[in-house]
Amino acid sequence: MSAVADKPVVQNGKKSNRQLRGWLGRQSTPVRWLVIIGFVVLAYLLPYIGEVPVIGPQIITTGVDWSTVLFEMSYYVLLALGLNVVVGFAGLLDLGYVGFFAVGAYVTALLTSPDSVLHTEYGWLVAIPVALAVTMLAGVLLGWPTLRLRGDYLAIVTLGFAEIIRIVATSATWARGDRGFSSIPHPPGKLSDGSPIFGVTDAIPYFWLGLTVVILVVLGVRNLDRSRVGRSWLAIREDEEAAEIMGVRTIKFKLWAFAIGAFIGGLGGVLFAGETGFINSQTFILQFSILILAGVVMGGSGNIAGAILGGALISYIPNRLRGIEDPFFDTDLYEYRFALFGAMIILIMVVRPQGLIPSRRRAMELKDREKEAAPQ
Amino acid sequence: MSEPHVESPEELDRLNAGPVDEAIAAGPSSSAADSSPSKYGDDVLLEMDNVTLRFGGVVALNGISFALRKGEIFGLIGPNGAGKTTCFNAMTGVYRPTSGQIRFQGESLIGKKKHEITRGGIARTFQNVRLFPEMTALENVMVGADAHFKTSVLSALFRLPRFWREEREGRARSMELLRFVGIEHRAGEVSRNLSYGEQRRLEIARALATNPTLLCLDEPAAGFNPAEKEELLGLIRKIRDTGVTVLLIEHDMRLVMGVTDRIVVLEFGKKIAEGTPAEVRDNPAVIAAYLGVPTDAA
Amino acid sequence: MNFSGLIQDFGPLTITGLAQGAIIALFALGYTLVYGVLRLINFAHSEVFLLGTYACLIAWGWFGLDQNSATPSLGSTLGYLAIGLVAAIVISGLTALAVEVVAYRPLRKRNAPPLAFLITAIGASLVISEIVGVVTHRNPRGVPPLIQSKTVFSIGDTNITNLQLLIIGLALVMMFLLDRFINSSRLGRGIRAVAQNPDSAALMGVNKSRVIALVFLIGGLMAGIAAVMYDLKIGVTKYDAGFLLGIEAFTAAVLGGIGNLRGALLGGLLLGLLQNYAAGLFGTQWLHLASFVALVLILLFRPTGLLGESLGRARA
Amino acid sequence: NKDTSSDTASGSNCGYKLAFFGALTGSAANLGVNIEQGFELAVNQYNEKKGSTCIEVAKFDSQGAAEVAPGVARQLVADKKILGIVGPPFSGESEAADPIFAEAGIPTITPSATRTSLSSKGWKIFHRAVANDDAQGPAAAAYIKDTLKAQKVFVADDQSAYGAGLAEVVKSKLGPLVVNTDKTEGDGKQADFSALVQKVTSSGATAFFYGGYYTNAGLIRKQLTAAGWKGTLLGGDGMKDPGLSKASGNAAAVGTVVTCPCSPPEQAGEEFNNAYKTKWNTTAGTYSDVAYDAANIFLQGIEAGNTTPDKLNTYLSTVNYKGIANTYKWTAEGELDPTLIKVWAFKFDESGDTKADAEIKVS
Amino acid sequence: MLLELKDVTLLYGRIQALHGISLTVGEGEIVALIGANGAGKTTTMKAISGLRPVAQGSVLFDGDDITKMRADLRVVRGVSQSPEGRGIFPGMTVRENLEMGAYTRRNRAEINEDMDRVFTLFPRLKEREKQVGGTMSGGEQQMLAVGRALMSRPKLLLLDEPSMGLAPMLIQQIFDIIVEINQQGTTVLLVEQNAQQALSRAHRAYVLETGRIVKEGTGQDLLTDPAVKDAYLGVA
């Protein structure tokens, strides 16, 4: 056997993607850091992209506040990153990830809102550690009974858990259902003129906060991925029993995957609650989980950059369709967002089954598998 | 979506069994006998003590007893379906014996988790290759090496010194093992793409990476040609020389006879012979059940 | 909790539960079949069902039957029923095939990873249900009063209506036929072979593509029948009807042991009963909760569902 | 004082916008659309009178969803030309969006969000053009007791902020007449109500009050009829939409009673109804007339030179406006003056639409 | 010629496994294919049975070009394979597995006859008729795989390491069986690591090295070829 030179028939997208990654990889460490820092700075400037002539107005949303959309993207990206740990890294198919988002948001609300039966009315910051601890616990609680379940059984059970959370949120009196919790405090901090940094009319500070959290989470998740932990997850994903026989503590690492995924999802919930100031049971529907999963896989399951892109897209696309009138029925294109979105998902997956930015491993896997397909 | 794993009714029963069942399964002698010295003497590494394992109607192991001594190469042979692989599965915690004891370094293995057994010093390969197909050869071995590392989620998350140390060590050791089994040139290739023979070698490297005291090889030479078998023979000796005890299942008599110190022969789940290669080879029961015409060492 | 309510209504709740369960079971077959063969949760199966619920309404519409018409005579009811069934079966079957061809086949040709299939399935599901949503302005569509519900016989205080009898009977018959087909026919064995080892199946001369198409088709047919029964029972359909019941059908399939036909039946009936009892005992808002809690508990003790997998591989 | 920006080419006090904020799409969009059309009609008529596009209409689709509302609300407040808002129509989205409007100081008039607590949040910009659920609930209860004279009543709701609140009030007012209760999932989350139907049937109730919206109500009505239940279904304004009979079939819907803190369309007058029909090619729906009034109140204020949100808001606190549906005068909390509150009962007839039945006296 | 490979090239992703293989198998022959691990033996089999697409070159069967034909249709044409790694149907019973071997056949009587023949060849299979394949031991599965391949009454039987995992006594037996069915008229292409046995039974043989055919000759020729002896037969 010998490696044959790659034929130059690689599709454009793949090629440029590889080239970009290759290019970045070839640069010296300082250059690489400079590029990355450059990107980060640009990300922080996104709220002002509308000011950029010509392209700016194409990018920003029309029917809905751009900075709010950016903030929404930031917590969608968080959710995608968290789900990527569970699905992409550890290979545990979770169809109910929104449950953790809900737990994060609800614990925050219960601790802070004047509507809560607890009447604690903590500040937002004080609520965070409790909320995250509870979410992680929820992750472990979900993980524990499901440890023995294989792939798709796990999927339906996670879906069930999320539904249980939603139904409890809707129907249990203390969770207030559709009435919800209002007056959830915003993150603290005042500007020099005494007005709060995190107000209600301007979402930019929330976006910056969200982005910062995203960056921290990316760093953490990346460190985990490239370590014994990430390797163990991968081994579990490939052959759980063999992994265990090779000494991998499958239970421990699966629980960690759930806990970490839950933690990140909870973070998203905490941010969400802190921004809207009002939550009710309508937000945490099943379709939301499925959407996030679609984002992760579409972006490139198992790859951090992919998860970020996927998470951002699933929130950006529908919002971008807002305020555009369709020429035939004179309604907002927003009405068609899911139909268009579904079509796009199919298209993307058919063209790039490994996702938009696959991990190197997945990309290779697919390329190999593709050529192996027998005549049909 | 994931590849299903072994899930026999028995295993289900075992998983569902409460502590009461476990006590019954372990037999009357359970806890007292656990740490009792072996009747085979001090240098015993692993001891099968009257082990029986049933699958519904099939009695795969029927009161098997034998013992491995430290540092030897021990052969396990017998006709197809005699229960050899089942022996491995019982030792490594994949199946739980219906009755009997298995002791490793004086400690009972019954009821231990698979990864605990591995960390305790027993490593194995599989009769049907079971690598992590999408991981590179090197990564496959590193998973094995990870078994005796301690990098926790926190030290990985914050890149504490332990992380760096263990990562470096693990990588170096894994490369060394790949070299040892002769496939270091494929280190960066995903294991799915290796040929069958290479995959078998990789399995050995991965098992060795867990730092075992006992290495169990299930038909490692299957699919090797005689020349390659010769190489494998050398490799097994080399492994033994590093101080690892080897338990070998193999149908190739030349290999078995050439490398093992002692052999146990199973038939229909029963032990029918035990002894040195020469003794076993001339044992009429073994010839009748297994070898066929003695001269034809295929 | 309302024990006296449950006890008082136990009979009726049982029979409505069985009827509901029968529909779920028929629906669940599609999940189980496709999963058994392709190890794929065919998310779009809910829309196969959805289009079935509309197909029979549209067909009846052509024959002048709409929801404000009067109940026709027995003879014409049977005729209408046949027409509705044919329409739903044809449309659902075709939809299932179309989904296979558009969303899965290209991926299969490229040997794509399993998650990719799941996502195109979700995509296909979204497209179909949303298009229906946009076209119908997300308004419900009512079903003609084809069958005036009448009590056929009673057990104690429990009246069993003609509709309930029809639904349960039809489901059992279809299940029986399908079970026979899969387990005893040559083609059925081919389906199981592809499920267990596609490469080997090809080496035995099984045409994989045809088997896969067949599996989608059968799933579609069953969903079509379920769709008509649903229309008659619920009285209304809507663009998201598939999604709602789909989750339940999928749950039922898993509960019984996905990939196992009899499991789908058992899971469906069980789910229907459980939901109705839970609604009686705790209140209607808790009905779905009951099914998921039951699911989690059952899988805890039987990780591959009540009857385990059968189409699929037992050990690899 | 500084009327700088107000003088544009098209005359004085022009060049501003009024906004509609509410559901144009989504599961209960019909209700939002009714309101938007009433609102837009008023602005159009005003512009016609002026002979130019003096006041622009800005529409913001919240889908009636609380999690969507904030982003859309911020988009709204970013537009500094907007002086006032008609909406949000639903109580849930009001919770999420009104704080943003309050901070931006843009006055709102909601023609339909009836949740009681909305007026107690201290939002100075909040004005409710109809009675809240505290009036509607007792009215429904009174109707059940006095008009239907039902002895056994079943009460259920869809657990929405609106439906549950309303059902709660009805339950407490009916007291011992309530024989059993239940709760369902919200719109689009449940299709099979057989368990509920079973409970209603075996409870022996002759009246069934459902707190919820028309989509579920239609389904429930149909399944009740199929099961042979002959009693009366009642509900609040959320069920007052032809969508109900579309789901249930006209025959099944006949006799279903809905209360509404609004007046019968006839009272809005030929002129409005014809104009509406001409413009939108459909008859005016629930709250179309109230939205029309709300818009006109804003327009009158702008005409009077209140061309900042602030001034317009101050103007609202003193206004006493006689519109086509009612007369409007607000308390400091933004509630309608108690003397102006009215609740009507409506009944579905064979046409599948509602006809006014009787005004219910609220004490 | 029953089977002819012309210059067949085959790729696994970036890896070229076959570099232009040409070989022929005549009607009634036993042809052996030997070579080291990774030489491409299995790959050659897959190219013939259609499990993997051929990149270049062609495969002719019975005079027809079947290069692009689907695997299942090749079975109908008379090519049957017992694959490496056995590939039994784990969830089907032993009997059902054997039935699958006869999937393309209709004649019930003949099928039953063949079933009996397989059971006589491998009594263990008869004993375990109702056991599901997945729980059989390695060697038992191997018997099942070979038995199943026999069930299709092929013109050309492809056997990929049929002796792998079998006990010594059975190895002897399996080679006898191969000769026997060959004498009954089935052409056999055999991949074996057990070169000694294979070459002594085969009419002709090819030696494969890294995806190329480096030698061909009669079985006896190769048995005595010093290079072959050195590389594949071990020091006897």
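Each chain gets a letter, A, B, C, D and E, in the order it is written, and its residues are counted from 1.
Methods note: a residue touches a chain if its C-beta (ideal position, glycine included) is under 8 Å from a C-beta of that chain, and two chains touch if they have at least 3 such contacts.
Here the structure is a predicted model, which is why all the values come from computation and not from measurement.
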- Please find the path from subunit C to subunit E through touching chains that uses the fewest steps, and give that number. 1
- Message: Among all chains, whose Cα centre is located farthest from the one for subunit E?
- Response: D
- Task: Averaging each chain's C-alpha atoms to get its centre, pick out the one most distant from subunit C.
- Result: B
- What is the distance, in whole Å, between the centres of subunit B and subunit D, each centre taken as the mean of its C-alpha atoms? 74
- Compute the distance, rounded to whole Å, between the mean C-alpha positions of subunit A and subunit D. 37
- Which whole number of Å gives the spacing of the CA centres of subunit A and subunit E? 50
- Note on the structure: Taking each chain's centre as the mean of its CA atoms, subunit D sits from subunit E at a distance in Å of 77
- In subunit B, which residues are in touch with two or more of the other chains? 1, 3-6, 8, 15, 193, 195
- Message: Where in subunit C do residues touch at least two different other chains?
- Response: 39, 115, 118, 202, 208, 283, 285, 288, 303-304, 309, 312-316
- Note on the structure: Where subunit A touches two or more other chains at once, the residues are 1, 93, 148, 150, 152, 170-171, 335, 362, 364-365, 368-370, 372-374, 376
- Given the complex with subunit C, which residues does subunit D contribute to the contact? 26-27, 29, 156, 159, 180, 182-185, 188-196, 198-199, 202, 215, 218-219, 222-223, 226-228, 243, 246-251
- List of subunit B residues in touch with subunit A within their complex: 1-6, 15, 92-94, 113-115, 118-119, 123-124, 126, 130-135, 139, 142-144, 146-149, 151, 153, 156-159, 163, 166-167, 170, 190, 192-193, 195, 206-207, 210
- Note on the structure: Within the complex, subunit D is touched by subunit C residues 5, 8-9, 12-13, 16, 19-20, 67-68, 137-142, 145, 149, 233-236, 238, 240-241, 244-245, 275-276, 279-280, 283-285, 287-288
- Item | Residues of subunit E touching subunit B in the complex | 12-13, 15, 34-39, 42, 84-85, 124, 131, 135-140, 142-143, 161, 164-172, 193-197, 230-235
- Complex contacts: residues of subunit C adjacent to subunit E: 186, 189-190, 192-193, 195-197, 199-208, 309-316
